[in-house]
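Down below are the structures I want you to see.
Here subunit A shows up in two complexes: once beside subunit B, once beside subunit C.
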Partner chain A sequence: MKTLYLAIKYLAILVWSCFVVFPFLWALTTSFKTANGVTGGATWIPWLQYEPSMHGWKTLFGGAGGTDITGPYLNSIIVTGSASLISIVLGTLAAYGLSRFTFKAGFVRNGDITFFFISQRIMPPIVLAIPFFLLLRQLGLLDTLAGLVLVYIALLLPIAVWVMVDFFNNVPRQLDEMAWLDGCTPMTTFYRVILPNSVPGLIVAGMFCLIFGWNDFFFAFTLTFTNTQLLPVAIVALNSSVTPWWSLSASALISVAPLILLAFVVERFLSRGGLAGAVR
Partner chain B sequence: MSALTLQNLNLTVDDEIWLDDISLHLEPGGLYTLLGRTGAGKTSLIRAIAGLEDLNGGRIWHGDTCWNGLAPWRRPVAMVYQQFINYPHLSVLDNVAFPLRRAGVGAEEARERARGMIDKVGLSPMAGRRPGELSGGQQQRVAIARALTKDAPVLLLDEPLVNLDYKLREQLREDLVELLAGRRSTIVIYASTEPSEALQMSSRLLLMEEGRVVQEGLPRAVFDAPASIGAARIVNDPPINILSMTLDSDAAEVESLGYFPLDALFGRERLADIGEAGLAPGQYYIGLRASDLQLAPEGRPAEVTLTEVSGSETITHLDMAGCHLVLHERAVVNHRVGSQIHVRPRLSTVFIFDRNGALAHVAHPARGMD
Partner chain C sequence: MYRQKHLFLLPGLLVLVAIIIFPLLFTIRVSFSSWDVFQPGLDWIGGENYGRLLEDARYWGALGRLLVMAVGTVLIQYVLGFALALLVWGDLRARRFFRVLFLVPMMTTPVVMSVIWRTVFHESIGPLNGILQAVGLHGLPWLSEPTLAFISVMMVEIWQWTPFMFLLLLAGLVSLPREPYLAAKIDGAGPIRTFFAVTFPAMAGISIAAILIRLIEASKIMESVYVMTSGGPGTATETSSYYIYIRGLRDFQLGYASSLSVTYLVIMIISLTIIAKVLVRFFVKDRT
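Presenting the complex of A and B:
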């Protein structure tokens, strides 16, 4: 009975894995094909079924008359990385304050402030495009990395606050009180006791920020012209009258690569079960 | 060596009174037990002393220092919670050393002192482990060690044993008594719901009810003469039987239990005392401990509604003509629910409360007859 259950379980996982892995396989083979190979039908085995070529990969990095994608790639890393980092730092501090201390400003309470943060994500991004554009033009930050970082912080901060408020609300208050009675001020309580126990929450918030930031096309497209290009825009720009399936596939693979890497690194942290044993 | 003085502490949360005008004077070297039911205000009082609740009124003095407005991290207190709370990211050793480190003790010395304290609570083999890897009892030992290690002049223990199973509780209670013994400069405040625990451990007993301290005194004295029906209910477990009684000049009619000549109820030699105690004929309540009821063929019939057998004792709830009684026997007896048994009072100790519930007289009829 147990063997049967295991067999069914692994079979199901296998089928689902095939389903998920298939697009990657398709992209991988296509990235090594030429125009003839692509139009020659669904073929999988190099040398036997089609003649592999590095053409797609070469054009991606500026060879064979293509445009080099390294610049936008680095831009994307800088913008997503720094915006995520700043959002996590600010968002975690804000979330701790919202979770632990009572704020009153007229009729505004903690819940309202939290909702204000989250409400930034309720609006469709297009509503923000024109204000952001005007704002950045005023500041002289259009088409610059700094401008993009600012806009991305506005985009990612609500996610960080949202995830971390929820996380801190589930951290028992007695832990804070215990730290106070052991001589910690609220600030030392935060970084000596609460932060070391918040690694799982920080990882989840960080993952969300990195994924959202990395994948954003809309603001990367509307707030830049030619100087500062991010990866999603650069990939779309590969398109011309003839769709270059080979270099598109290659670029798709290298654009998801960092996220795949991240998932492998983070997985072991998430499964460790952070707060076990704080309060029984 | 400063005493802790509480003056008229008041705490109201959402229009509900949690602390009602509490004034106390607590001396170093004393183990004060706050005894009361859940919701009596024990935890609120402890949290107020620690600075975790904002008082609506009153002052807390420690020697010449006023604690009002002093943040919790500046108050020289240590606390153990009812829940087992430790820092999950630190090892047992670092948990215990944590308060010392925060107080500015060097890393080596803090660890050395922490090691000594861990040894005292019997956790030396676990010093390198995380709290999450320990059992409940061990976790609470870590919390106790952490509270004791910094030698705070005020030690607050909020029902630290209540979440442990019976055997562990007994053992940890004994260890706790040993750990706290000889701390002449510490004021220990211990909240508890268990009268036996309070009788065993404390040097002073404070009974709490509905946010007030209703009686204060030596544990034995409070147990022998609870000031009111409420106090009698707090210090007696299993619950004390409270019955109404009509006293006339030569006999008393106790609800359901029957008619007793005065000398049977109070003892012959004690009859004179009654006049002195000012027991005029009229309406009273009597309190009979559950252990002061006994099975007797000539007693009154009662129906068994519930029996609890625990270890070596039996607690039986009875319905006697609509009157609820509790019988405590120091033996394992199997009374079937629904069956009829006959009981009568042992009349060794009879508490007599006036109509307002205040203690009017404690009679020991049996002693008089010996």
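Presenting the complex of A and C:
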């Protein structure tokens, strides 16, 4: 009975692991193929089944017959990085305010304001895409990095507020009170006492911002044309009827690589129980 | 002293209101206009767009498809995510390795992975049919047969987002107190009994949160559809977001698409509220 249970357990883990790894392995082996290797059918093992070549990888960095993705890569880093940073700053400030002070405006209380922030996640991107398009065109920000940063703040700010409100609610208030007794103003309390104690929360919030920013496709797709391409848009542009599978696979792999490293960070927090607060 | 409190809240709040509320109000206004390629600009045609969408079978079809796809994928993700979380919660060799591995899909860009999946599903030279043929079965038209295309899209969504369920549920499991388990052991309860009497009820809150968050995100499904099938074959995989995208940003019927958007948003808010209520009732009743 015990052995049977163990066998089923490991079999289940094995099956799911294969499912998870499958597309990555396929992309990896495809990225070393040439046109002949691809049309030759679903082959997996280089040298044995097909002749491997670095062609797919070379075209990504300006080689002949491919798309140079270094530009889009940089664009993605700039947009995701700056939008995340701004969202974290604004979101952390707002979250601290919501967690420590009482706000009242008519029937609106703290809880309602927090809900307003979080509820923005319900908004389907398509609902905002049309007005964003017209708005950015009016401002002359269509197809620019600045325009995308602006839109991404709307996307990421709710996440930052959501994680940080929860985090600050678990930071003891005595910490603030002691700082006040020492003559700190709320601003200096926040800056000198609370912020240094909030690094784990900031990391979780920052991580979620980076994930959602880096992985967005829709706004980058609808609000830019050719001047300002972000990475996912550049990759999807390769996806046509005559898809270059080799460079497509190679570019997909180096686009998802940085965030896969984040999985290790998440697991760290998970093992320490640091995420439990953030998801309640 | 408390005068400074507005310095904390207002910058973030004002930015969000400026970026979201004005565009939203603008959408509502545009939805009462006939803005399109031939008539670019605001006019007032009353509720004409809304009358038209009531008779738009393609719109309601997309909404029905979205409902099946969202509820179906989220339920499967919940069951699988819970099972996986339970598997790596207890004793296991290389536990941390599997935890990291199981988290990986949610870290990857959905649209980029959809591009890879499209090659996986390729009918003649894709690896999935390659494997089927290797074991002596026939290859299947994964993306060109309506039902199969629908299932393929769901499969990709499940691959991508089961890790999110896994993450939230495992975080919940890790933070459970140990005492009830000792009590259950002393009472001689088996693993199945322990699960339904101790673990499942204790996870009610987090289950509700996880399912709701995923339903909210799933109600926006369109990127995997756009990349893998473009809504086809026919309209077999067309979801609401994708249909609105076609009407608005491809046909450029901004007025009509705005009315579709507003209706879609209202339907989403109402149905998610109802689902939240139902979920609370279901999980809390199970507590007994």
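The definition used in the following text is that the second predicted complex is superposed on the first by the 228 of 280 C-alpha atoms of A that agree within 3 Å, B and C clash if a C-alpha of one lies under 4 Å from a C-alpha of the other, contacts with A are read in each partner's own complex, and residues count from 1 in each chain.
Criterion: a residue touches a chain if its C-beta (ideal position, glycine included) is under 8 Å from a C-beta of that chain, and two chains touch if they have at least 3 such contacts.
These numbers were taken from a predicted model, which means no experiment stands behind them.
Participant: For A:169, select first, second, both or neither according to whether it touches subunit B, subunit C, the two together, or no partner.
Facilitator: Neither subunit B nor subunit C is touched by A:169.
Participant: With both structures fitted on chain A, tell me whether subunit B or subunit C touches more of subunit A's residues.
Facilitator: Result: the larger residue contact count on subunit A belongs to C.
Participant: Go through the superposed model and pick first if A:70 touches only subunit B, second if only subunit C, both, or neither.
Facilitator: In the superposition, A:70 touches no partner, neither subunit B nor subunit C.
Participant: After lining up the shared chain so the two structures overlap, which partner does A:185 touch, if you call subunit B first and subunit C second: first, second, both or neither?
Facilitator: A:185: touches subunit B and subunit C.
Participant: In the superposed arrangement, does A:196 touch subunit B (first), subunit C (second), both or neither?
Facilitator: Touch status of A:196: first partner only.
Participant: Regarding the shared-chain residue A:227, is it in contact with subunit B (first), subunit C (second), both, or neither?
Facilitator: Neither partner.
Participant: So in the superposed three-chain picture, is A:26 touching just subunit B, just subunit C, both, or none of them (first/second/both/neither)?
Facilitator: The answer is second: A:26 touches subunit C but not subunit B.
Participant: So in the superposed three-chain picture, is A:120 touching just subunit B, just subunit C, both, or none of them (first/second/both/neither)?
Facilitator: After superposition on chain A, A:120 lies in contact with subunit C alone.
Participant: Scan A:218 for contacts with subunit B and subunit C and give back first, second, both or neither.
Facilitator: Once the two structures are laid over each other on A, A:218 reaches subunit C alone.
Participant: If you stack the two complexes on chain A, which partner ends up touching A:36: first (subunit B), second (subunit C), both, or neither?
Facilitator: neither
Participant: Report, in rising order, the residues of subunit A that make contact with subunit B in one complex and with subunit C in the other.
Facilitator: 180, 185, 275-276, 278-280
Participant: What residues of subunit C sit close enough to touch subunit A in their complex?
Facilitator: Residues 1-2, 4-9, 11-13, 15-16, 19-20, 22-24, 26-27, 30, 80, 83-84, 87-88, 92, 96, 98-113, 115-120, 124-131, 159, 167-168, 170-172, 174-175, 205-206, 209-210, 213, 216-217, 219-220, 222-223, 227, 240-241, 244-245, 248-249, 254, 257-258, 261-262, 264-265, 268-269, 272 of subunit C touch subunit A in their complex.
Participant: Can you list the subunit A residues touching subunit B in their complex?
Facilitator: Of all residues in subunit A, those touching subunit B are 172, 174-175, 177-185, 188, 193, 196-197, 274-280.
Participant: List the residues on subunit A that touch subunit C in their complex, please.
Facilitator: Result: residues 9, 12-13, 16-17, 19-23, 26-27, 30, 38-44, 90-91, 93-94, 96-98, 100-101, 103, 113, 116-117, 120-135, 150-151, 153-154, 157-158, 161, 180, 185-187, 190, 211, 214-215, 217-218, 222, 231-232, 235-236, 238-239, 243, 245, 248-249, 252, 255-256, 259-260, 262-264, 266-267, 270-271, 273, 275-276, 278-280 of subunit A touch subunit C.
Participant: For subunit B, which residues count as touching subunit A in their complex?
Facilitator: 50-52, 71-73, 75, 77-79, 81, 83-89, 98-99, 102-103, 130-134, 136, 139, 146, 150, 163
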